[in-house]
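One structure coming up, written as structure tokens, with questions to follow.
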């Protein structure tokens, strides 16, 4: 099978997430990175592209979309790794030309943009993959499968959290600057950057949508223009209740995304920093520690795993799993067939749900943490 | 120093907590259990008292209070370990006769009773100790001391939780029966039984009062008349925010009380099931694991500790520490002096705060989890 | 049932282990401490006895043995908590007068003394209980029961270790002084003080005796006269193999006694510092975490446990369990009946095995860690 | 910089380790896999090569070495991922033609072959990199750096172990078959397959060589022709002592490689299954948990790390780090310069040490675990 011809927008020198996408695309050798507009200034776009040895370097993304669409062997897919406010304008240009989009989260910087992008995607002949990468971890797949199989019964309680500490004090380096600027990042600070990951993970594992929420958001660091801590109570369809905590001011927490789901027959607990383990707590029996590819792990996890149990896989492998799923879908599209039923990736509608989540958090908090519907 | 003459009300055969109080009182050999009205029926009160070899056995608590107060060497203190609704009537009889009260939590079954009891205590010549036992753990003392010493800076976020799983299904054995009966337990279910512990622990460590809260309470098990899961957002005086989760329907959780406190200079994390450890997370430095009596642990913890580091102490020792503090206070009272400045125990006012917490949770939840003041 | 009349030899002011024995005896209210010769000098013996409010204080242990044996209600049992070299002379005086002995470990300071004491005990009408206290932990009982029930199959490998760090540097305070003096402690340093605990724990859980060993002992701290680190390879009867590590010079280890046992059907793992957990690793299934009194824990653990699951028990409770077993045995002897089949405590023969272990380690190490038989 | 032209010998269909090497080579985009002789039978070599889309497929390794050496842009390096007994004949052919070798461990199947290969390498103009991959983990680098910087003082004790459970019962699938066949694997079973990893890791972190050892090896599974459990006592140059345990019959252990090193000022503890953490235990201070790229981690770890702290890296990234170091060395060789002083990879001499370790274990065990020199 020929490798998928890939382009990238954003992800120049300093950008952490661009490098992650490139490794993720490369890990399984199913993509070939051929073109890029890696920066918003032509000079840096050229320099970054040259540094990577890209065959085709563009000064700007629109030029890139137009030309690649016309090339005989132009890119089939583009990775968008810009700050949030650029997701919409960039994605629109590619998707309308039939180039598949693999876009970093959150979907856009405003809910309005998100809705426009959904509309654009509906009329386009291209796939849209959102890299809510944590859904690519094998043991997250395992958890989802166990919930779907009824192993923990009817879900009652969902506790999800994503604390960090890197914004405990005021910061102005590049990664921090745009993430704390509402013009570029969106109205949500911690809610947008990491709260959406927590929200999406809860939806992914439980299969339940949040119907309403009450959010108490704070900007603890003086002068910060977006929230750096969010306390959110959740009500899911069907009656389950949840709490979501996201924070960038919790010292000692690096990327401590963690979810616990409890049903009437058992529970499941997973933590991103130790991702090869899943606790299963069946009611009335000892806790069981299921390991990636180990005894008790099922098909959904095995599909997403590359090495034997006890050899840890991490963040990059989880991210690469989203690219692998995207590759399955893109290859199926090439062939005019449906992808396998087990192929799972976050879609543009998941992105829309995330934007609705941010929007609801901000609205609720502005109204003294009143309950608002999503 | 002569041992303190102690009586007990409640705590007959089946009652778990009565036995705990007796061990706690015995551990350091500073109390002598001499009298009791251990059950609400005379036959069982006699049988339970005889089984323990009590010198003086009473059919009912009022008779006991009257007679002991008149005896030359009657009891100096009484432990009250009845269901919650009896705390007030029992405590009133002893306290007004100058007999110190060591009472299980929550203070009463209603806020009205709590207020009456506070009034009674104010005019009485007796101490009132509430066994919020988790404040007796050495590493909880360590945490409180570190907060007071400014080691984590100004507090911003408090995450506290107390999940259990023993009421995941409907239960009707004795311990469950009264705890799920609002007449005997009070309006709060999980909020009253364990949520108050979480609330008190947060107050104890941070030194901050909760000003208002929004609570979403549920009774997930069909037919249950009190909450078995509580999601609560907290606002503390001075601007700190918090989340409190209590649950009796979270499979795999036994007594998983856990608190995390984050300030602008660092954080602290402690879990009841592994109580000999305290994580300290100074901003910008590696996490430190402080152990009971180990390097880095201070005076406040050392006072409360009996064996060298690496030899775990547990629930009974923590409980006994409350009795030891009470003994210090009672002995000081005997001698007409003030107890040492480091003597700390939960007071009747802590109990009142707990009842206000339960009341606020129930009021808030009834109003769709609106914010209410405590 | 009348409380057992108890005396104590050793355990004056500074001694850590005397206080532990007293709490252990008191915890379940089955003993009454009535007499003591708590120090080797009359003045300190008097002062220590008075400080504890002992009814009968003796200047020396022999006087105490003689007089107590003649008293109508003299002590029925004596706790011996002296330095090791005094165990034999003290125990001999009591046991030959029919007073039961509860003796700290190791049994004696020399193998010769141990054999003489065994002989003395054989002809005496008294019980001998050795406080290898770690066998009192509920989850150690659970492990032993699971091994006996065949849950891990035929045992192949035993890994046991007991590292500490308190002698990483030269020390001369009292606890360190006698433990590093071969005249008082015996020929083994870390091997005697903690290696014997590891050895006994392995025997207790597996039910297997060590047939031969090869030991490489070191005294890393300059001038130290006994070993402070021991590396030992073990061969058990029936073909199982093991490693034992004891160390007092391993920074970061407090009392990190830990055992792992592997059979052809599964494994078990337990650590003293987190004693309420037992890992069970059945071959071909996820690991299971069994908790004290939790789901999956059996009768042998439940007998030894006082509080519900999730409320941790610790070192003192484990120690008290040995006293509780001793009380069962002593009461049965009073009544002229056999104790229950489930009553288990370390005996004088376990003590002899421990002394043979120390002796074998020292002999082996002196011969360049050659294999020696026990 | 042009990518390094790479070939591969071994690593066809079923082979786990071949795929790992390919991902490791690809991760940082510094190699291009151009040629291969992936199987020992021409048919399978052709099929496996075609499946990977290799430009140049060879029926056998000798043919490949000859032709590639003659090509103008033939491979610069070859990865050897065959069973152990083929390492020597394959490596010899490439190395003598100036093609760098990246070889899986252990170096060979016999000590004699190892010595011949060392001789061949000495006279060859090519690099030899041995993939003792665990030395590529960032926190292993961190540990080595801390030891070298004197942070734990003079080393006294080294405890290293590598237990697995996959050979607890007899197995005959391909991976198991050759590893338990002394003709293909060598005289060591668990000692060769995983014991050498443990031995090498101890050497790498401490900078100390093992001078002598005593090994008690077993084949617990009936009919097994090589050891499946090894207990080894170690004596290091300079007086440090150690224990090494390797096992393939320890249920519940997947790849539980773990090392603990104790000096007179502190200790270090690292476990392969949770590789992003390093415990540092300075004497007299609380334990510190250093995380990959987190506060307190130094340059040596940062060099080997791709993503921010809290985003776990795993086995593949650690393996890729060896390939990255090899790439640095190969590129430097291309340019006629020395690689950076911080470039570190296991060499053929490390491989020789590993073979001496296996040989010593087997010799010692054959002589009743007597001490033998390496």
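Order of writing sets the labels: A, B, C and D. Residues in every chain begin at 1.
Note that in this section a residue touches a chain if its C-beta (ideal position, glycine included) is under 8 Å from a C-beta of that chain, and two chains touch if they have at least 3 such contacts.
This structure is a prediction, so every number in the text was calculated from the model and none was measured.
**Student:** Check A-C against C-D and say which one is joined by more contacting C-beta pairs.
**Tutor:** Counting C-beta pairs in contact for A-C and C-D gives the edge to C-D.
**Student:** Quick one: chain A and chain C, Cα centre-to-centre, how many Å?
**Tutor:** Result: the chain centres lie 55 Å from each other.
**Student:** Measuring centre to centre with CA averages, how many angstrom lie between chain B and chain C?
**Tutor:** The answer is 35 Å.
**Student:** Take the average of all CA coordinates in chain C, do the same for chain D, and state the distance between these two points in whole angstrom.
**Tutor:** The answer is 43 Å.
**Student:** Hey, what residues on chain A touch two or more of the other chains?
**Tutor:** 253, 287, 291, 294
**Student:** Are the chains arranged, by touching, as a line, ring, star, complete graph, or other?
**Tutor:** Its topology is that of a complete graph.
**Student:** What residues of chain A sit close enough to touch chain D in their complex?
**Tutor:** That would be residues 16, 19-20, 22-23, 26-29, 164, 253-256, 272-276, 291, 294, 306-317 of chain A.
**Student:** Applying the document's contact rule, which stretches of chain C touch chain A when the two form their complex?
**Tutor:** 280, 284-291, 294-296
**Student:** Can you list the residues on chain B that touch chain A in the complex?
**Tutor:** 152, 156-157, 159, 161, 165, 168-169, 214, 216, 218, 220, 229, 231, 233, 235, 241-243, 245, 247, 249-253, 260, 262-267, 269, 279, 281-283, 287, 368-371
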